[in-house]
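Letters A, B, C and D name the chains as they come in the text, with residue numbers starting at 1 for each one.
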Amino acid sequence: MFAIRSFNLLCRRSTVSTWRNTSQSAAGKRLDISGIYPPIATPFTQSEDVDYQRLEDNLKKYSNLPFRGLVVQGSNGEYPYLSAEERVEVVKSVKQALPEHKLLMAGSGCESTRGTVLMSQRMAEAGADCLLVVTPCFYRGRMDSRALINHYTKVADSSSVPVVLYSVPANTGLDLPVDAIIQLSQHPNIVGLKDSGGDITRIALIVQKTRSQGFQVLAGSAGFLVPAYAVGAVGGVCALANVLGQQVCDLAQLCVSGRWDEARELQYRLIEPNTAVTRQYGVPALKQAMEWFGYHGGACRSPLQPLSEADLARLRLDFSSNGWL
Amino acid sequence: MFAIRSFNLLCRRSTVSTWRNTSQSAAGKRLDISGIYPPIATPFTQSEDVDYQRLEDNLKKYSNLPFRGLVVQGSNGEYPYLSAEERVEVVKSVKQALPEHKLLMAGSGCESTRGTVLMSQRMAEAGADCLLVVTPCFYRGRMDSRALINHYTKVADSSSVPVVLYSVPANTGLDLPVDAIIQLSQHPNIVGLKDSGGDITRIALIVQKTRSQGFQVLAGSAGFLVPAYAVGAVGGVCALANVLGQQVCDLAQLCVSGRWDEARELQYRLIEPNTAVTRQYGVPALKQAMEWFGYHGGACRSPLQPLSEADLARLRLDFSSNGWL
Amino acid sequence: MFAIRSFNLLCRRSTVSTWRNTSQSAAGKRLDISGIYPPIATPFTQSEDVDYQRLEDNLKKYSNLPFRGLVVQGSNGEYPYLSAEERVEVVKSVKQALPEHKLLMAGSGCESTRGTVLMSQRMAEAGADCLLVVTPCFYRGRMDSRALINHYTKVADSSSVPVVLYSVPANTGLDLPVDAIIQLSQHPNIVGLKDSGGDITRIALIVQKTRSQGFQVLAGSAGFLVPAYAVGAVGGVCALANVLGQQVCDLAQLCVSGRWDEARELQYRLIEPNTAVTRQYGVPALKQAMEWFGYHGGACRSPLQPLSEADLARLRLDFSSNGWL
Amino acid sequence: MFAIRSFNLLCRRSTVSTWRNTSQSAAGKRLDISGIYPPIATPFTQSEDVDYQRLEDNLKKYSNLPFRGLVVQGSNGEYPYLSAEERVEVVKSVKQALPEHKLLMAGSGCESTRGTVLMSQRMAEAGADCLLVVTPCFYRGRMDSRALINHYTKVADSSSVPVVLYSVPANTGLDLPVDAIIQLSQHPNIVGLKDSGGDITRIALIVQKTRSQGFQVLAGSAGFLVPAYAVGAVGGVCALANVLGQQVCDLAQLCVSGRWDEARELQYRLIEPNTAVTRQYGVPALKQAMEWFGYHGGACRSPLQPLSEADLARLRLDFSSNGWL
C-alpha cells in the first residue's frame, strides 16, 4: 500500500484544529460565494516583473463595481508563469487593497497534492478568504475520480479556509468528473465549483445533485452566464468582468431578479467579446481589451505572445460590433 | 472551375418554379416550426424488417400529445440503416397516420449533394412538410464552410418544401460552423436549425445572429431545453419525447410562459433519463425505455446491439431515481 | 434477447455451403493479399455521372504496373457518394478491364449489417475477389468490440469471398479495437486488415497477435509504408499509388528485399506528396495530382469542392520539392 | 510591441559568451546524443520525500547497462510534483553517481520562458550535459509555432549546454509543430528532439527535413523503437528501459546493425509491457514493474494513486505473457 505516514499525519493534525471551525460553520451555514468575480489579470513591467503599482490601480477601479469579490490567480492571472513566491506575494498585495466586505478567492492549485496543500496554507495566511483549486492534469490519463477525490479531500482537510473546485478543460484537458464533484460536495470545507467547460447539461446535473448540500456552482465564463443562472448557478467567475465589469454584474442581477428577457438581450451582446478574450485569443486579448477600457493590461509573460495586427482588428470588431467600443 | 452543368441545370430549373413560391412565403412569413418534436424510432420485426403496424400504434399514441409535429428519420430513427426505399416508405406511412395540423419533418440527408437533392424530392412527394438535412460528414476534413454552404444551398434551391439544417457532432464528428449557419439563414427556403451539440454559447450566438431573418433554432435534446429556451431557442427535437412526451411538452410550455423556476425543477428530473437514452446508451436504450412507457420500441438493426443486463439496470435507475418509474 | 430469426437463418444457410470452401482454403492456405493496391478514384463526367470511359483509360495504364490488384471503392473512390447500383456497376466495369492475375478488392461496407451482407453478395457476384469492409460508424458511441465482432462475423459468415477488415479513423472517427481484430482474425473467411490510422505500435501489436493465424496486415497509406513493413505488414493500399504507382511498388520491393537504407530514402520523398493527397487536401487533391501524372482525375461529386488556388499551389509544391514534378 | 528589455538583455548578454563555444562546436560537430536513455523514476520515502539512497541504488544498477546516458526528470520522473529545489537537487545527486562517459540529460522545462531559462541555468550548473525542454502547454490554445519558436530560441540562446526539444502530447495535449521543429533545428544550440507522440510519418518527415543540420531524433518510447530507427531516428528515451534496460539496448543495437528480422521479433515482445508502463497505467505501473526487476520503484507522490489489484494483475500479465516474468 501507498503509505505517506508523516505527511498524512501533518495533514491530519492540522485538520483537527481546522475542522472544528469549518465544521461548525458548515453546520451553521457555508460561506456564501454567490455573485460575480473577475479573475484578475497580472500586469507586468517591461522586464516581465509583476507590476504591483498597476495592479493596485486596477484594484481601485474594481472596488467601485458590485463584485462579490476577486479571483486572484485563476487561469487569466497567468499563475503557471509565476513562481511560488510571486503567487503568494500577489495575494498579499490584493488583500491590502481589497475592501473588507469583498471575498478574496485565491488560486492555490499545484500539480502535486503536497504542493497544493502547502500553497493553500500560504495563501490563507496571506489573506485568502477561500481557495480556488484547479484539477491537477499533467498525468491526465491517471486523474480519475479516485485520484481527484483523494487530492481534493487532502487539500480541503488541511485548509483553514473553504475550497472551491475548479474545472477548466480548455487548459487542463480534463473535466472534473460529476461523480467526484457529487462526493466532494459532501465535504464540509468544499463550498462550490467553478465550471469553465460550459457544458450546460452537466452544470444543471451538478446543481441538481449537490444543492441539498448547500454546494454552490459558479459559471466559469460570461458566455453562458444566463443559461447557467437558468439552471441554478449562483454566480460567475468571468474573464470579461475585467473589462466590462458593470455589464457582467448587471447581467447577473437581471437573472437573479427574474428579468430573463432583458438578460437574454444583454447576454447576446457579451458572447462575442467574451469568446474573443477567452477561448479565441486568450489572455493577451483580455489584457489588450483592458487597456481599451481604462485598465492596465499590458503584455503577458513569454511564451504568451502579443496579438497579431489581424487578430487585434478582429478583437476590436468583436467589441465594437456589439456596441461596446 | 468545378463544372457540373447538366446537374446544375436540373437544380436551377427546378429552382425557378420553386423560388417563386418559397420566396413569396418568405417575404410573407416563414414556416413556423416552433414546438416539440419526437424524432421517432423505427420499430422492426424479428427479422429486422420495418414493422409498420407497430409504427402506426406508436403514432396513434403520439397523436394525443401536444407535439408540434414529428421528425421522421433523425438519428434516432436509424435512418443510416434503412435503404433509400425504406426511408421514403416510412415517411409515407407516417404521413397517412399524422393528424393534419401536425408537421412532418423528414430527414433527407445523404452524403452526396445529388443524393440529398433526390431524397429531398422523394420525401416531399411522400408528404414531408419540411426536411431535416444532416451535415454530410464522411470526408469531414474537407467539409468546411464553403463545402457545406454549397451543399445546403443546392439542396434548398431545389427543394419544394423548407429545409432545416441539422448539426449532430456526436454522430457526425462535425459541427456545422456558425458562419455557415449565418449565411445559410438568409436563404428563403432554409427556416431553421436543429442543434444537437449542446454548446449553449454557440446556440445563443446563432440566435443572436440569425433572428432578424426569422431563422428558428431547435434544441436537439431535452437535456438542455430550458437553457436553450433561455437564450432564444423556439423548440426542441428531443429523443426523450418518444418516452416522456407530455413532460417534454410541459417543460417547453413552462419556458414559453416564463415560469422558469418550475421549468428548472422539471428540467433537473429529465437530465439523467435524457442522457441515458441519447449519449450514454443510445438508440437501444431509447427503444427499451419506450417499451416501459407503453410504446413499441424493440430491437435495433444490427450492428446496434441490445443493452447488457448491467446497462439495462442503470438505464432503469436513471428513470426511477427521478420519479418516472 | 435481440432475435432476428429469419435474417439470421438466411445468413446461416448461406454459411453452410460457404464455410466448407473457405474453411478448406483456410486449412490449406488463405488468399494471399500481400502487395500494393491503389484504391482507385472514380472519374465523373461534367454532370457528375460516373465516367466509365475515363475509368477504363486509367485501368489500362494501371495494368502496366506491378500492383497486386486494385481496391475499388475505398474512401478514395467516393463510395459514400455512389448509389448502391453505381457501386456494383463500377465493380463490374473494373472486373472486365482487370488482368486475370490481379486481385479485385471491393469496398462493400454499409452502415447496417444487412446492407453490408447484401452489398457483399452483389459485389462478389460482380466479380470481386475479396471484400474491404469499413467499420460502420454513425452510432460510433455504440460501436464497441461486441457490436463490431458481431457485424463482421455475420458479414464474413455469409460472404462467398474473403473479407478484409478496414479501419480508417480519419473518416469514421472510430478505430477498430485491437481485441476485436484479434478475435476476428480467427475467422476462416477474414484474411486481413487495412489499417489507415497509422499508429505503428498498434500495427506491430496486431501483427504479433494475429500472424499465427495467417492474418495479413496492409498499411492504409504510403506515408508509413516502410515502418509498416519493418513491423511485419505485407503490403499497402495507398492512395498515392494512383499517382506514383511505380514508386510505391518500388518502395514495397525495397522493403521486401531488405534494402532498408534505400527504402528509407525513397520513403522520405513520398511523405509530403502522400500527406497532401490524403489527410491534408483529400480526394480533390488526389484527383488533381492524377491529372498531372497522366491519369483522369477530374472533379469530385459535391459536396467535395475543388481545391482553392492557394491549396493547389501548395499541393504542386509538395510534389515538386520532392522531385516528382 | 512586446518589450521585455532587461530580461532580454540578461539573456542576450549570457548569449554572447555562450554562443562562441556552442557555435564552434556546431561548426565542428554537435553533441552526439544517439543511443538509449531511461527517463529515470524518482523514488520517494513513505513520507513522500525524495529517497536519495534508493535513487543511488538504482543508478548503480543502471551503470552496468550500455545506456548512452540518463534522462533526469522526464515525465516519468514526476517532475511536475517536485519543487524547483528538488528538481535541481536530484540532478546534482545523479551527476555524482553517473559514470563520466554517460550523458546526463535533465528536464528543465517550465511553463514560462523565464522559469525555463532559470531552471536550465541551474541544471547546467548542477551538472547536466544537455537539457530536455518540454513544450509549455497550459495555454495550449495560444502555443502556436510563433510562441514555441520564440520560447525555445530564448531558452537555447541563454543556455550554456545544448537543448533537446521534447514533444509529449499525451501529457501536454500539444504536438510541437513540424514547421517549428524545422526552424529550431537550425539553432546551433538545439541538437535534437524527443518525440513521444509516436506518429511515425511525422517522425520520418522531421528526420528528412532536419538531418542536413545534424539534428537528431530520439523515439520517446520503446513501443515504436524499431519503426523509428527504420525511418532514421538515432535512439530512444524509453520508460521501459528503467525495467528492461538490457533488452531495450539490444533492440537498438539490432536496428543499428541492420538485423531487422531479429529486431522485429524482439520489438513485438516489448510492445505490451511498454504500453502498460506508459499510456495504459502510467508511472505507478512503471514503478511497480521496477520492483519486480530488482529496482526501487515504490509509490508515487499524490495525486498519482497506486494501481488497483485488477490493474496490477493485468500489468503482470503483460510482462509474463511476453516471457519477461
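The working rule: a contact is a pair of C-beta atoms (placed from the backbone, for glycine too) under 8 Å apart; a residue touches a chain by one contact, two chains touch by 3 or more.
Being a predicted model, the structure only gives us computed values, none of them experimental.
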Query = Looking at the contacts, which chains touch subunit B and subunit C alike?
reply = none
Request  = Using mean Cα positions as chain centres, tell me which chain lies farthest from subunit A.
outcome  = C
Message = On a C-alpha centroid basis, what's the spacing between subunit C and subunit D, in Å?
response = 37
Task = Using mean C-alpha positions as chain centres, tell me how far subunit B is from subunit D in Å, no decimals.
result = 50
Remark   = The positions of subunit D in contact with two or more other chains are none
Request  = Make each chain a node and each touching pair an edge, then name the shape: line, ring, star, complete, other.
outcome  = ring
Query = Can you list every touching chain pair?
reply = A-B, A-D, B-C, C-D
Query = In their complex, what parts of subunit D are in touch with subunit C?
reply = 198-201, 204-205, 207-208, 221, 223-224, 226-228, 230-232, 258, 260, 264, 267-268, 271-272, 275
Key: Of all residues in subunit D, those that touch subunit A in their complex   = 1-7, 46-48, 75, 80-84, 111-115, 136, 138-143, 146-148, 150-151, 154, 170-173, 279, 281-284, 299-306
